[in-house]
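Chain nomenclature is as follows: A, B, C, D, E, F, G, H, I and J, assigned in order of appearance, with residue numbering initiated at 1 for each chain independently.
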Amino acid sequence: MTRAEVTELVLTAKRMKGLTWKQIHEKVSVSTSPIVITAALLGQMRLEPNEAEKAAELLDLPEEAKIILTEIPYRGSLPQVPPTDPVIYRFYELIQVYGTTWKELIHEEFGDGIMSAIDFDMTMERQPDQKGDRVKIGMSGKFLSYKRY
Amino acid sequence: MTRAEVTELVLTAKRMKGLTWKQIHEKVSVSTSPIVITAALLGQMRLEPNEAEKAAELLDLPEEAKIILTEIPYRGSLPQVPPTDPVIYRFYELIQVYGTTWKELIHEEFGDGIMSAIDFDMTMERQPDQKGDRVKIGMSGKFLSYKRY
Amino acid sequence: MTRAEVTELVLTAKRMKGLTWKQIHEKVSVSTSPIVITAALLGQMRLEPNEAEKAAELLDLPEEAKIILTEIPYRGSLPQVPPTDPVIYRFYELIQVYGTTWKELIHEEFGDGIMSAIDFDMTMERQPDQKGDRVKIGMSGKFLSYKRY
Amino acid sequence: MTRAEVTELVLTAKRMKGLTWKQIHEKVSVSTSPIVITAALLGQMRLEPNEAEKAAELLDLPEEAKIILTEIPYRGSLPQVPPTDPVIYRFYELIQVYGTTWKELIHEEFGDGIMSAIDFDMTMERQPDQKGDRVKIGMSGKFLSYKRY
Amino acid sequence: MTRAEVTELVLTAKRMKGLTWKQIHEKVSVSTSPIVITAALLGQMRLEPNEAEKAAELLDLPEEAKIILTEIPYRGSLPQVPPTDPVIYRFYELIQVYGTTWKELIHEEFGDGIMSAIDFDMTMERQPDQKGDRVKIGMSGKFLSYKRY
Amino acid sequence: MTRAEVTELVLTAKRMKGLTWKQIHEKVSVSTSPIVITAALLGQMRLEPNEAEKAAELLDLPEEAKIILTEIPYRGSLPQVPPTDPVIYRFYELIQVYGTTWKELIHEEFGDGIMSAIDFDMTMERQPDQKGDRVKIGMSGKFLSYKRY
Amino acid sequence: MTRAEVTELVLTAKRMKGLTWKQIHEKVSVSTSPIVITAALLGQMRLEPNEAEKAAELLDLPEEAKIILTEIPYRGSLPQVPPTDPVIYRFYELIQVYGTTWKELIHEEFGDGIMSAIDFDMTMERQPDQKGDRVKIGMSGKFLSYKRY
Amino acid sequence: MTRAEVTELVLTAKRMKGLTWKQIHEKVSVSTSPIVITAALLGQMRLEPNEAEKAAELLDLPEEAKIILTEIPYRGSLPQVPPTDPVIYRFYELIQVYGTTWKELIHEEFGDGIMSAIDFDMTMERQPDQKGDRVKIGMSGKFLSYKRY
Amino acid sequence: MTRAEVTELVLTAKRMKGLTWKQIHEKVSVSTSPIVITAALLGQMRLEPNEAEKAAELLDLPEEAKIILTEIPYRGSLPQVPPTDPVIYRFYELIQVYGTTWKELIHEEFGDGIMSAIDFDMTMERQPDQKGDRVKIGMSGKFLSYKRY
Amino acid sequence: MTRAEVTELVLTAKRMKGLTWKQIHEKVSVSTSPIVITAALLGQMRLEPNEAEKAAELLDLPEEAKIILTEIPYRGSLPQVPPTDPVIYRFYELIQVYGTTWKELIHEEFGDGIMSAIDFDMTMERQPDQKGDRVKIGMSGKFLSYKRY
């Protein structure tokens, strides 16, 4: 069984049981962000064993799928690059437009190094707005200095 | 004169005069974010005429460069895709890892549509942290519903 | 079951029952454009639940397929880029030839921003012409201004 | 002198003289669409000799540039594919989402063939709208039947 | 059933029955060129219903395959670009070597426009030659003028 | 001096002297096809020394350019693949649609081998037609059998 | 049955019967080179009917596989380009390093033309050497002159 | 001065002095193969200092060019991959057709490892033949065993 | 059975039996590095027959899988390039940043040649560190001089 | 002045003054590794101001070049991917062969996370060996755990 097959099993179970990601998250974990749980069930993060246990029960997953959910996946969720789906493409477009700006401003503030995408967390929420609600994203990544040696 | 030549003039002037982006921003605009000003001077956004006037004066730019800074550029700042520079690549990696998760959670919260990358604003700041300071990014884009017709 | 499998089921049913897209559209929806209905059945848009109900009945689709038709798909319909099929390539060619012109004229009329592909609708019809009938396409997308912040 | 150099001369003259495409069009031609004139000055269409004469006078172009404007260019205006600029990308996205739908509906209405991108004309205008003005595009291309032989 | 599966059924039947394309063509159509018939059976053109009837009988194809042969396919027959097969690559090489020459000479003779690949027919035959027989190809495509509007 | 620079010199001279390829061909060679002469002046074939002599005189080319015209070029005339120019793209589309058909029919008639693109000649002419004149192309390439050893 | 499936059948039979390519070659043909026989069994050349007969018997191949082995394949054996396998990559590297040199020296010796890859034969053998044995390859391809017409 | 500029200087001097690679080789080195000398002058190998001395004198190269010829270049001579030039493409095609065969036969004879492209030498010569002379190439590369550790 | 299928069998068995690579290595070989054993079981190296015997027994692999594990694989383990998985990408990034530096320093120390990736061995271990443990990698490859001939 | 121009100035000065990287390193820094210094002078790392001062003096670099050497570069040193130069390609090949193995073993030892390419240092040295000296590389990167949140 491959990771992609597990993801397909998850999506089928979610669909046929009429569950939302929010409901799945609440059943699977209290301490972990819904972003991490969703990403794990889509094959990009791993679950802790007890989370996988609950997920497997909720979604009627077979034993091997349950174990696979605790394994570290080969990451990369996009079938093509640049992504063809409009929701995901807009994030890619932000990098095209702001990439060099982010580089300049991070370096000016922190020096030579990067914002970690590993020691990283994020939030996503609805921001009410009279002219139309907004998607609000917060990201926080540890600054890592380039080591001089 | 091309937009790329203007960007090179800007970078040379900044370097030889020992200016920071922060200093340039303060001289060029009070109401606009430093992210927008920096992006414009790097060829990805446009300046208002009075901002371009101040920028040209500060950076000793010729007349044509000043006008070009007020023009809407052909956007896209990356010489290769995926970006080879580590700072910018990490953002690209976030899309690879979280792209499908963002899609699922935005749709579950808002329905069919996208987070606009046009009616969009962002902030970037230093987040002090005992284990090492963090880069904190806030993004906010209007949710646009797919029109049904 | 994947979205691609649903599309294949739809095409087989349409073929074996001898239906046209026009007939399917008439049976599935009165208020929605045939373009949207066809795009949904080809895996690029979603149907409203009652539309999916009617489509599933008309095309003998299984329960899971019916639900999938109401889900928001991962968009992107082209197996290669540039598209190899001549009908679709001609649209791509129009972008190659007119892309920068559209950009200039939209900016001159509206300022900095884009024509939305989300708050967007279109029509397609036959335009009788003595020298040979023509395909007439009308597009209308909301202009979105680049936010300055 | 290459076509790209002519385009750059045109853009510099337009910028330094403070002209709009609308003004240039009015001076260069009465019978031809502003879309064609703009596309020609951007290196994607050709001008008639008398149009080139007027364009060269208005924009102070040298003799060789004037002749080049009457030559048929090597068409293709995009520096990268998919296009990175958001305005142009949205058109590309429409092909990604609607490409197969257009193919199905054109074939159902007209049979096997294509909408010509050569025997083709188009319009672009502002469509006033209370919720925000819209970009309205009309396209009309002759249907060409695949010849059976 | 997909178009690719129909093509594989055709090839298997042709092989196991020991048929040539020439024999298939003679059985399937009298008025249509063997090039069109072969291309249709390889998934790039469509057959008329009576031709599909005869092809299905000759090759023992199931009902759905017979209908698919009358449908307009998503065209594009090459698994990679540039094509790796030497026979097909040589045609690609001719475009690499002569592409700009063809463009210049067509424009000089006909003005701005293209040779249609839709209103197009061709022949292919053996040309006896003492130094070794030659493949002789005749192509004829309607010239389409770029519309000025 | 590079081959590309020679081609640009040729195009400038042709343009400023108001010459056609037909006129150039008549002055440069009597025995060689206009296709070969044009291709050579566009950097894809070589001229014989006496032809280069005449071409250099007619087009006021410097000594080095004259020698370069007799050298065998690094062939390949397309700035992008697939070609963006509509005239050239149509030939590419023919390979996409007919590539596998040509392969099948050549093999059925000749056995295993290819149509040479080296021992190859071609013609291009106007074919008058009431419904619109046609571009008529004749190609003839020696069949080369795959050697068994 | 596809050509790739035949190749997999061949490899499984070879493996389970413990055969070498040398043994297979000896059983299948006396007059043909082991390179050609191996290439055919890997899907890149065709076998003569009597060779296919013997191969099918030796490897227990089904009837359709036997016929497919006599058919001319769609050539191209590399799953990616450049090839990732080190043995095959080294040949690719030789073209990267020596490609332009080969072109210059072939042209200087033979004039304008190519070394045929069709009227071509080769040998591969072990060359004993005290410092470590060497792979010795001999290639011989007919020189084909570019036809002038 | 870059390596590419040195190559262009070499080609211009060779052309204007009417030299052949054979003549250059004879003047530059007695012990080294003409293939190595030509490759070095085309920017893919290095010359020994005394060879560079003679080459610089023969071709009137400036001091820096002379030194650059003794430096180890960044190898890779092809402007595109796959190569568009027919002479070089044929070698690429041989890898496409025979790549997996070479892999199988080398492994069967030598075990796991590769033919070195570094401890490698080659010859190229004219092979007279009544049916048309042939290009004969001999390659010899040391077999390197994959180290087990 | 393909190599990829063997790898999937290995991973399933490892997972369901709760084995680590370390445990597998200890059972399969004493003299060979765990890196080589793991790479072989992932389809990139081969096992010795006795190692394959033990691996097959430990992992309940069928006979054909056991033989395949002793065969030399078609190497190349990455589904996309550049690799999307963060762990593997970081190595790729090191080449992007240090590639030309390694080239310069190896040449300065050793002359013209390469570090072999075939006569090569490596180690990977945990390096305890107060600020956080480190991954320590040691590589050693034979220097191969470019042969002059 | 661009970073690439600075690198070219550095290489020209190094060449004309007959300096080695080792000599440059000794003059420019005592505490920093020669790998970092070389990488900085090749445009991939930055120098400290006092190092840049010494480098500029040693290599006669202009003022702007000196400042640029202290700036953080846009990293990425390879003109093509995969790299065509054999020295650099061998590192790329190691990733192709060992990439998934490194991933498995790092995860088994450390859990979910990566080896940092930022908090990273390395050494490169000659390892004497009777069968031929070896290139010995030592790498050490901090293990970064994927943050769970």
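The rule is short, and it goes like this: contacts are C-beta pairs under 8 Å (C-beta built on N, C-alpha and C of every residue); 3 or more make two chains touch, one makes a residue touch a chain.
In UniProt terms the chains read A, B, C, D, E, F, G, H, I, J = Cyanate hydratase.
Note that the coordinates shown come from a computational prediction; the quantities given were computed from them, not determined experimentally.
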*If a chain touches subunit I and subunit J alike, it appears here*: A, B, G, H
*List the centre-to-centre spacing of subunit F and subunit G in whole Å, with centres computed as mean CA coordinates.*
32
_Interchain centroid distance [CA atoms averaged], subunit C/subunit E, Å_ = 29
*Tell me, which residues of subunit G touch at least two other chains?*
45, 74-76, 78, 82-86, 93, 96-97, 100, 103, 107, 113-114, 116-118, 120, 122, 144
*Connecting every touching chain pair, does the picture come out as line, ring, star, complete or other?*
other
*Give every touching pair of chains, nothing left out.*
A-B, A-C, A-D, A-I, A-J, B-C, B-D, B-I, B-J, C-D, C-E, C-F, D-E, D-F, E-F, E-G, E-H, F-G, F-H, G-H, G-I, G-J, H-I, H-J, I-J
*Within their complex, state which residues of subunit I touch subunit B.*
82, 84, 86, 89, 93, 96-97
*Taking the complex as given, what residues does subunit I use to touch subunit A?*
8, 12, 15-16, 79-80, 83-86
*Could you please specify the touching residues of subunit G with respect to subunit E in the complex?*
1-2, 63-64, 67-68, 71, 74-76, 78, 117-118
*asked:* Show me the residue ranges of subunit G that touch subunit F in the complex, using the header's touch definition.
replied: 32-33, 36, 45-46, 72, 74, 100, 103, 107, 111-114, 116, 118-122, 144-149
*Contact set on subunit B toward subunit A in their complex*: 20-22, 34-35, 38-39, 42, 44-45, 75-78, 81-83, 85-88, 90-110, 113-117, 120, 122, 124, 126-127, 129, 131-144
